[in-house]
């Protein structure tokens, strides 16, 4: 399969470029009978939409989605669902310089080589963070499907920005607070500090990295298709497909390198007739399969590569070293806007594996 | 596609169980004309083989590979290459207890639920670390292909075990030293300390986690198929398919969460007519594509779940909490044996993407 | 993979319904550097467009394509190419009756059962012949790619309609004449007879079946990926994906059942330094691979299921037998409009296999 | 995906060569809890086994299958099922001549070009009819699964050999008689005539073609994944993957070219509370989906390309025309041995689509 298509039984096809006419998505394999509306998709897109706060890029986009197919009478039909948002606030002229001078940390150089110079370089083209809107379009359907069919809830939040970290919030705090502030942190007080840091770094012409954490609740036991489509395998693949993501870990994750087996193992207990663990170092995954505990993983995002300060680069035409300032409008940190992206991207993976595992039927009951 | 098959154009099919008759692999899509012998595969398998040192499990396996098809006159033919190693030192009786008492940290419980109790539970069956031998069989072919066709060299090594970390070794140190000691650490002095820690933890009936790092050299620019088969996406998926792996990061990775864009960006320079970077915070990946710098990533492994100490678990038949000691023979840490697994697993991903990207032709030149 | 996606390395995603807002296609995996314009796609669509002659349905559609992504500066970029045509002449009310009374020969009944009644039943929805416009959109790109990269020419034509058959036309006759008449037959005299038959059957409220034949020239030797993506395997799959197709055969095809090996084998000869055959009973395929001779296959199309005469069917709501007349506007035979569909659908298969086989590089030379 | 792997949710991996060490198969995605034994597979293999009658090749093979993995305690486990049969009666020396002189009608020439001369040419290597044993191994599991889970019965039989055709046998005649005679024809009297013709053609150093017909009963309504994995699309692909197959048609098939819609349409009726048709020109497929009527299709096989008579060919080394007699042992017609191959190959397609459509659960009920 080619690179712009994800999934086996619930599939996302992503297309479009940052400064082309649109970005869009096709979802194939969604069960029939899911009640879905443009507003269900729009709601998720709005959380990712740029230009909505001081901590994001000032590019203004309505990001109004049009559902083109696959929905009839308010329900999915079993046919592919195509969706589109038109690009409005395009400013390709801002990018003329990067045709020749690749931006450090960006795909300008590598894409130019790979595609022989034919790639759409405007604002990074296909490599722009804007394509994550297509993950959100498809993910919005996946999320609704998981909730309606299985009661699965997916909650991502900002764990860390530029070294400022939030402690361990409760599920209730995450649910209630993460979208109550611009940085999507479940602790309002920490959120305030993060916001100040972001404003500061923007002023300094620089950018910050951070960590998004994601929790999913109510997953049945056994989701995942080992070996190579283990739940963690597929989630890792998807998360690293998000531009600027540089790593992912599950449960105790990288901290497990310094732990002993006796510390890291989660003992089993019977509770209310169910097998549970009281600790969750596994992140809810054993042998690549959900174990009924909350799924928990983290994604690290590098500091935005586009910064206002002067940077070293090369001129491809002249084959010499040079300096320049990256043009265009950019997020001082991608973390807050990555929160809904992680949430919806996780939904794509979970929906695909839940269908493959027989947890969701091809036609939803009781829809009609 | 189903869970035991990896890749699109260079494909690994993995089969077999820990205490069944064998483990095996089929490679489909390998270009014709690659010079390969059973010894090429055996060499890699021997590095992963159990029972070879004090830091590994005492299970004794010859792990002698038989190539069943796809090789003729010393060269690959373009047909699928099937390979097999028979299991010798099986001891399924040791595992009778885990039919009823799932081992914490293992797939016993989740596999039992997913497969309705039909799964082969002996030694974890399909979920045993023994299946990584199939990654190595396929990876050995991929590795040889990458070297012969492109000169690509892949070097993994032990970065950290139980909190003991090695500094930044040179490529030459990695190449020379990693297989010179039982823990596969490029610094012999640190290796000695790690070894002592492992011996100590084994004596304590406990286990250690750690980190394997991997470097790949001489990759052309542009390997990767964004968005969803970006090089980092596919590597992340593959690495999380290795049992006990709990996370992966690339370049500066999780450390990037605390860095500024001005620190993390790698400026471009012209050097010898080529575009290079002097720093490598990207880990050799920009926009999901190789950038010509060394590919660099890390995989964290949790401490071995099987420990000798008494642990809490449940009896599935009696539906009560209970205690037990995990039976069988186990590695006090999986890290040293994971080193060749990471190396060969990375080769599978790189070979697949190199073929898809047109970097390796369907018939190797000059073979015959 | 899900059902609306075809191909591995050159991929078509098809979406849209007959009386929904649009039909569309996404092509992923097209090499960068292919010179392509909306007119290149439009030209092929116009050949399939309804309402253009007396032998086709009277539904009027402009079928004006919009290319949404993946083309920049007149060339493909390597990113997915999304395309759309809006539906104009929709008349869903005409179809209200088929919600309850499934049309014989159509998918009304089977789709209703499969999708639990959620399927878009208007004009057959996703099962309408209208979706072949999406094959043509994608195929137009494939066709241009095959011609520009390899000089491959694909020529389909009407071989038979309702028992009237054309003899063996020369390549030149096919090339020159097939689109010179409404029935797409390379012999103008036979075309005239076919046309009369079609007009007659329309008057009788009935319909005709027929055969489309397809020839492809200048294919290199070795296209095809045996076993399961042999050239004939993949072509057969694609051709049977065209609504109303009921069979396919290659070379001597079904006639070979009555032949001897000594008659059916094509002896090899050297001619101009190349290995050729003088007969072509193989249809240009040996062992699932092109052999350098013209590829030749036939697709049979059943008579249009929608006929004006009274037919027996059932009422699904009342669970009784009943009678009705199929509503809507229909082709008296699908064969003439199937000709460009077969041609472009064949191009999709050939482009995919040519890329997989390394015959077309990821970036076209000399484009820029 | 590469060429030797078929299916999405029930997958067959085929490997091995005619005169290599073995042929084998891996099935991935088979639900857990299917009761299966080596004898279930052996039974099907024995029907395909060479050397068992006067109408087949005299090559002698035990074809004794070994199940290597994925079965435990008499049931499938959900893990991949690997199977192997060793080649015994190899006679590669017989084929030395075809290294240089490609056999007309065979893949010798095309494979040599595609794989740069590295292909295993002994007896056709990977292109031999012997690889259909791997279809049977996988198909045997699929067939058992379809029967146990859904009660589906698949019955193929010889419809025509060398112009001698059997009339329309009843299901009961097919079931009872097809394996009662060497030619696998449901009418014993016609079988006797076919047998005589085969013996005659063998004596004449020539070969015959023919047609295998296949019926599948008790399929639920809605099996198939339109557009591109419609039931007929996938069956067509699979059937054309069988060596020597040159065409396939469904229901009235090629005869529909000369029929009117009013003749070819199958009117619906209610019968016993179910929607049925009394005719079956559709072959049990509407819109690419099963309609509850018997699935019915035909596959045409060309006369065996290997004939004893003198044939024209070329010398590849000398680049001249020449003559030769094809060496080795061969079937005078492939049709009788193709009968179990078609039956099991159809099972592979149906199992895959039945699982994808949610008709078979991931764990079979009541197994344990």
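The letters A, B, C and D name the chains in turn, as written, and every chain counts its residues from 1.
Convention: contacts are C-beta pairs under 8 Å (C-beta built on N, C-alpha and C of every residue); 3 or more make two chains touch, one makes a residue touch a chain.
This is a predicted model, so every value here is computed, not measured.
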item: Pair exhibiting more inter-chain C-beta contacts, B-C or B-D; value: B-D
item: Taking each chain's C-alpha mean as its centre, the one farthest from chain C; value: B
item: Whole-Å separation of chain centres (CA-atom averages), chain A against chain B; value: 26
item: Centroid spacing, where centroids are CA-atom means, of chain B and chain D in whole angstrom; value: 38
item: Separation of mean Cα positions, chain C and chain B [Å, integer]; value: 45
item: Numbers and ranges of chain C residues touching at least 2 other chains; value: 1-5, 8-9, 14, 114, 126, 357, 362
item: Chain B to chain A touching residues, read off their complex; value: 1-6, 8, 14, 102, 104-107, 109-111, 113-114, 124, 126-127, 131, 160-163, 201, 206-211, 221-222, 224-230, 232-241, 243, 245-254, 256-270, 273, 275, 277, 281-283, 286-291, 300-307, 309, 311-314, 316, 319-321, 357
item: Residue ranges of chain D in contact with chain A within the complex; value: 1, 8-9, 356-358, 361-362
item: Residues of chain B defined as touching chain D within the complex; value: 1-5, 7-11, 13-17, 20-24, 26, 28-29, 32-33, 68-70, 72-73, 75-82, 84, 114-120, 125-126, 362-364, 367-368
